[in-house]
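What follows are several structures.
What follows is a pair of complexes built around subunit A, which joins subunit B in one and subunit C in the other.
Coming up: the complex of A and B.
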């Protein structure tokens, strides 16, 4: 098992290097003067000062030298400065990441419970009412633009009913207001995640329940609930876990638009507003963070599936 | 499998008839097809259905609620929304269809190459697709928008570059499985060129799932365009699209007071995407019964 984990960890390193190189080249392609985001604005000063800084910081060095310097600075926690506001990027990220994680994690938990739950029930009672409603709901949920759904929720529950606040994460009123702020964005993200998950869990469970070892287990006289949970559910979980991991990018990508709808102060809104403002350094560092966190998440899923299914870690 | 190999060609017309019959019997798929056609044709024949110019600003008719003159009302600049939604459909559907098809094309070509040649070619392309997949699609699209800039033609390029990975995987896996089949070996032994073996012998077997995936991608890209234009990063609003009409709903004032400016375009997008998805499901049942 340890060997498997180490192998997977080592595989991540070249991946991260390639991604960061691409991001760095992308930054170069836009032709923005690196000094504008590497130096705190108060330090910049006069033109000759800038020229001296450029020489001192080695900005006239070849691309690869600069790339490796950039990576090592990032590893030391120095991410540079926003060219729009002049704030250190590390500071922006430190404020924004918890907000996005809060949103994404809650949506992930709720959608997994609801989606997998309904999916499995509809597989067990195939062609029943829950199955039918669930299937229609899944297609409809995939077809409505997420942000449109969010706006509908705002109109009904915030504007008309006045039950929930819109915009930002906290308003005066302590922890209760925090939860109130979370309800609508989490519901929006959860529903769109649910649609895909439900469908997938149902189909996987159907496949498993039609397999030979389930028939064998039944013919041995094992009670049906035991067959479903011990033989069916356990084996259906692995592919479902994998799809949850694959959905993670979608969850974070989807949060770009959803966060904008609800003016949620997370990574998504900062990416969207940086793209509008052309704040390249912020875009690059934040997307790199997103990519890195997805790599870590998929690593965790690999480890988790290996724990559930020995074939994975013995396979290759 | 709906193989179109030479031996099956004689039977293909009856197979086709059987498949069409199966599709027609699928009510949801037929309803989807009908809605798709209705919306598509009203977009194409927009000039026959409305006399308003989609970009014409009429400050005397600002924010008018739906009435007999303006069926869907007007926006804050007095532009007729019915006309904007019809003309907007042209662009949105075009973006979805062209984006999905060119994405599939890239996926098919790279997937065939990876699956047929295997070894380091395969490894390189797999790694490339993994790099692309580490970024959420929306964020990948946003990065490209920053580099290339917004606008219709850039959007088409961006969608094709960001939408090839699923097709690539599918085609590559299928090629891997079929490469060792006897009929491929025979074709190679007869001295058939690599490209004919790849594209004439193996590829037809993969077509059905590719068509289904492309349909799903059309729906996905229409939603992406909507999201992007909602953020104000898609097509500029002088050319209406379903997404940038909805951009109005960024203000809470519009959400609370002018329902027609966002409910109607939102419902139209949802209906069209729903129709495409139902149609795609029907196609999947007919073409690709293995993975429902």
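Coming up: the complex of A and C.
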């Protein structure tokens, strides 16, 4: 298993390199003067000064030399500067990433527990009350857009009832206030993700429970809960985990909507504003991060699948 | 023969499936008795309801199934003590029914490819039932028993193979694992649903011999579902011939082979290879196709394909007639004999 994990990790390196190369070439093609994002704008001086700087910094070197320099700088944590605000990108990210990850992970955990839980129960008690309610909820949940749902929640629980703050992440008041700020965005994300997951988990579990090996398990006379957990659930989890893992990059890259609705200071808002402002360096780095999160997700899928399925673990 | 020597007695089993809000009858008024320490074969074309019949008996049915029976009596024998269970009254996955699955009734399912859980080691899957029914047994003891069973079934290198996963086994080897799984708790009744279809002929013979010797040495009883008449001839004491959910002929092996009476049985015997059949004799196919169970009309189910069909065959339900003691035929050709049910 350890060998498998190391192998998968090593496989990620060339992929990351390829992606970063594509991103770098993309940056080249935009024709933006690299100096403008390598040097903080207020430090820039006269034209000769800049030309000297250019020579000194090796900006007249061939593309690949510069690419490798860029990569090695990023490896050391130097991501360049935003051309709009002049702030180092590493600083922007350091502030924004925790906010996005916090939201994403909480929503992921809750939607997984609730979605998978209700899905499995709906499958075992097919056409029962929970199955029925779940079906209605899924239709409603899939047809209401996330932003609309978020606005409704804000309207009801923040504006009318005043139970929760309207937006932003932290206002003075410590941990309690932090949780208060999290409730509405996490609820919105969780519910909208639950809808799909629930039905998927249910259908997968139904398929598994109708398979021949479940009948075999029952023919041994083991209790039904063992049949469900040991033989059913474990097999149903394989496809469900794939969906859950790939939620992660979707949550990080696609957090734009939810972060805008809740004025959540995460990566999503940065991606949105940098695209609007044409802040290429920031776009490049965030793109790279989203790509990296997709790689991480597929790595997690590989590991979970291997843990659950001997054919993957022991094969080839 | 004492009535308690009937280990399993099924009376008027009816099974239907609900699909698209319609109820389709698949098994109709099936009654059968399995005598202790004998083998009962169930034969018939595929789709006639053999698997559904035995799954209904052991109550392993999908949710869209409706099973009714006057009774399904199982007479459990422990030493001299005989306890009677009516399976039709038990909860399918309740405690009592579960206690019988494994130590009393072992099932070999039809498709070995999909009958094993892909994510567990085969040894553990076979041991699971053993450990469930013998709570005091240690894992080591269970492993020893599994190894012994694998050896008996001719699985090579069992010490290593018990740690393999199903995907690492060939079809034939999987089939043996499935058989091991059914036999590991030493059940009174083994229900084997086409247990050897995935095996080549010599292996088939080996496995069947093993089951047969188990049956004779340990007084076990077997219900064997098969297409293979050679296997029937070798294994069975009694034979049920099924057509479209009904038992159309029942008798001892001699009755069925020497005096096949129902037109379907005769056609069936002409259409499948029988051991010792004269060289060069051509196999016939049964004319016509199996009707769709949803579209069956009243009267004899075989009417459309039967060479002897006449008007009264199309009406009502055809009763069974006893053409000689213990030999029953569901066909109006024999209505001069005593009607039985």
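In this section, the second predicted complex is superposed on the first by the 310 of 316 C-alpha atoms of A that agree within 3 Å, B and C clash if a C-alpha of one lies under 4 Å from a C-alpha of the other, contacts with A are read in each partner's own complex, and residues count from 1 in each chain.
Simple rule for what comes next: a contact is a pair of C-beta atoms (placed from the backbone, for glycine too) under 8 Å apart; a residue touches a chain by one contact, two chains touch by 3 or more.
Just so we're clear, the structure is a prediction, and the values are computed from it rather than from any experiment.
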| item | value |
| --- | --- |
| Combined model on subunit A where subunit B meets subunit C, clash or fit | fit |
| First (subunit B), second (subunit C), both or neither touched by A:283 | first |
| First (subunit B), second (subunit C), both or neither touched by A:294 | first |
| Which of subunit B and subunit C A:224 touches, first, second, both or neither | second |
| First (subunit B), second (subunit C), both or neither touched by A:211 | second |
| Which superposed partner A:235 touches (first subunit B, second subunit C, both, neither) | second |
| Greater residue coverage of subunit A in the superposed arrangement, subunit B or subunit C | B |
| Subunit B and subunit C, minimum CA distance [Å, superposed model] | 11 |
| Contact residues of subunit A, present in both the subunit B and the subunit C interface | none |
| Contact footprint of subunit A on subunit C as seen in their complex | 58, 60, 62-63, 93, 98-103, 106-107, 109, 111, 114-119, 125, 128-129, 132-133, 165, 167, 178, 181-182 |
| Partner subunit B, residues of subunit A touching it in the complex | 15, 18-19, 22, 26, 29-30, 139-140, 142-148, 151-152, 154-155, 159, 166, 203, 249-254, 256-257, 260, 271-272, 275-276, 278, 280, 283, 287, 290-291, 294-295 |
| Complex contacts: residues of subunit A adjacent to subunit C | 126, 210-213, 215-224, 227, 231, 234-235, 308-311, 314 |
| Subunit A-facing residues of subunit B, complex | 127, 130-131, 133-139, 142-143, 145-147, 219, 223, 226-227, 230-233, 246, 249-250, 252, 255-256, 259, 262, 266, 269-270, 273-274, 276-278, 281, 292 |
